[in-house]
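Labels run A, B, C and D following the written order; every chain starts at residue 1.
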Amino acid sequence: MSTSRLEAFSDGVFAIAATLLILDVHADGPRLGHALLLAWPSYAAYGVSFLTIGIMWVNHHTVLEQIGRADRTFLFLNVFFLMLVAFVPFPTRLVAEHFRDGGARAADLSYGITMTSTAVFYNALWLYAARGGRLLREDADASVVSGITRSYRVGPLMYLAATLVALASPRISVALFTIIALSYVMESSVFAPRES
Amino acid sequence: MSTSRLEAFSDGVFAIAATLLILDVHADGPRLGHALLLAWPSYAAYGVSFLTIGIMWVNHHTVLEQIGRADRTFLFLNVFFLMLVAFVPFPTRLVAEHFRDGGARAADLSYGITMTSTAVFYNALWLYAARGGRLLREDADASVVSGITRSYRVGPLMYLAATLVALASPRISVALFTIIALSYVMESSVFAPRES
Amino acid sequence: MSTSRLEAFSDGVFAIAATLLILDVHADGPRLGHALLLAWPSYAAYGVSFLTIGIMWVNHHTVLEQIGRADRTFLFLNVFFLMLVAFVPFPTRLVAEHFRDGGARAADLSYGITMTSTAVFYNALWLYAARGGRLLREDADASVVSGITRSYRVGPLMYLAATLVALASPRISVALFTIIALSYVMESSVFAPRES
Amino acid sequence: MSTSRLEAFSDGVFAIAATLLILDVHADGPRLGHALLLAWPSYAAYGVSFLTIGIMWVNHHTVLEQIGRADRTFLFLNVFFLMLVAFVPFPTRLVAEHFRDGGARAADLSYGITMTSTAVFYNALWLYAARGGRLLREDADASVVSGITRSYRVGPLMYLAATLVALASPRISVALFTIIALSYVMESSVFAPRES
């Protein structure tokens, strides 16, 4: 089974989940200018979640490049993984809406649990394909493969830590989610040292 | 006529229908943490419907692999089929919203009728293509072809049964829809014994 | 310039416009079963518009098969055409919502004007590509090309007629839109006599 | 790294962002016909933004044709760029809703800032790829490359000027956004002199 339709379906879900985020950006009130400035948490939430979905897409891209074929188990693992990616707009909306009220903690926990679960499923998807070279391409690069395994292992731990911080301080937790997203962009060269 | 744009359009509808499901996941109230826990039927409905659409996509994938070309009748059968797939978010929303009130029975019936119709159209789509090898690839695998035919025949009956159960007990009906989805994932190896 | 990304973008817009239609299907009230039966105009509107967008997609498919390359004018004509396709959910929502009230005439006119404009732009798109063989494939089939030209010429006239009928009777107008959609499916073999 | 999945993801975001615009076109009131006429600013906003996203898509298409490969920095620049494209429905909704009230200035500023930022990021994306031929195809056409560079440089300036005009006159600012979109369509032959 080739991976081309799996990529098409996945790209669709990534693109839609990211683009739907805009439906939850709102600003209204008697003085629109003021309301627009006050709405910055919803822009920030939009930005962080779009970026995070973008990172997942880039990584999915990187992973699929090492994979030569799919079996039905892999297709279903991918469906479960996409189910979590497509869930991201919901906690994003909660974080933006409850940034300034008593619901911040619960909102951040829902965001963190979603992200941690997504990272766990990402590892499951990758390990299923990579374990014993099950679905890897014949010519998969061993150092890239072990680089991906090492790099992905960190994801669930980082997200779990940022989630637990939400119990003590929702603000710091949100800052950590932002830092994780930005650091993925910055340090994306860890297991892909030189490509250009 | 090749099947590549049919696949692109279908992948698009599958991906969008699945991803739109998140727009109907809501949680609000004075105590967000409490509201989030109380909203579990909407997460479950999201999960079951996303998974069901994912299964349909995997099966569409399996079917199209046996099909070598399309004619206009097949394109239109596919459009009717996708019309039902894209309808799924509506009864899903109803099931989640009315899980605890008197509308549960009607909601479950609407969900079941949608799923049964989708399964019927899936059979129509497949039988039109497979009957006499009309649109099959030259090298289509006869055992896979008859395996698909056998496997798909069961779908409408299972969904019809679960739908009728809703008349007696909406809760059991919902449980059956969940079990059907999960069993499709588990037993997906029936007509695709070993691929990896 | 090849047509592959034009097809990808177009397939995306067709798929999304069709799938978004479900967001406007609603049913609510104290007795859900009753509300679901009463909501049939919104299912019908969903069905007719999904089918119509599906027909446009099938025809776009047929047209692009005769076209070998794109220039920027064709890309922009296609963008204008897709702008009208993506507009369809709006008048569809109006027709469904105002089926039983005094807004039916205005709703049907908005639907008819959208459909007539879409059909006009479809002709513009096709004639720009086909006139003098400007963008046709080297091996384009002359009888298919003239068949498409003849077949598409009828579209704007049929839709205009059904639109004008709305001034006298909104109900008959809606029936005509349905008949046009179904007859396109039925008679789709006019300029594509035998393909299987 | 090839550019095919980058194109698929980008086409998805462009198509969805453009098609979602219709969700913000509304018309309601006791007299629907009257309400439909009064709602023209929301049709105009839909049209201008759909066209603008369409132009961005055509240009993305033109740019990618000169690019032979992607690195992770380019993937992330593209994600940031798409984050801005997918943001367009939000200020579009504001411009349409506040066309006749005191929020027009703030709405136009939000639209202008979004468009200016998008144009800036487009330049960043292109210059990163083109500088020193970093990601260009072996056989990239030098005159097309320098034509794109020259043509794109103007974009941010035009949008910034139209944005600043909003401080003095929201109406003229909106007219300028429309003119910029239409002139891009008209003068799109500047750096692509003859292709058909």
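Just so we're on the same page, a residue touches a chain if its C-beta (ideal position, glycine included) is under 8 Å from a C-beta of that chain, and two chains touch if they have at least 3 such contacts.
Everything numeric in this text was worked out from a predicted model, so none of it was measured.
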Centroid-based (C-alpha) most distant chain relative to chain D: B
Superposing rotation of chain C relative to chain D, computed on C-alpha atoms, to nearest 5°: 90
Interface numbering overlap (same over half, different under half) for chain B and chain C: different
Centre-to-centre distance between chain B and chain A (centres being mean Cα positions), rounded to whole Å: 26
Junction residues of chain D - those touching two or more other chains: 8, 12, 16, 20, 23
Complex interface listing, chain D residues touching chain C: 7-8, 11-12, 14-16, 18-23, 25, 27, 31-33, 36, 46-47, 50-51, 54-55, 57-58, 61, 64-65, 185, 188-189, 192, 195-196
Chain C contact footprint on chain B (complex, rising order): 1, 5-6, 8-9, 12-13, 16-17, 20, 23, 69, 71-73, 75-76, 79-80, 82-83, 86-87, 89-90, 94, 98, 102-103, 105-107, 109-110, 134-135
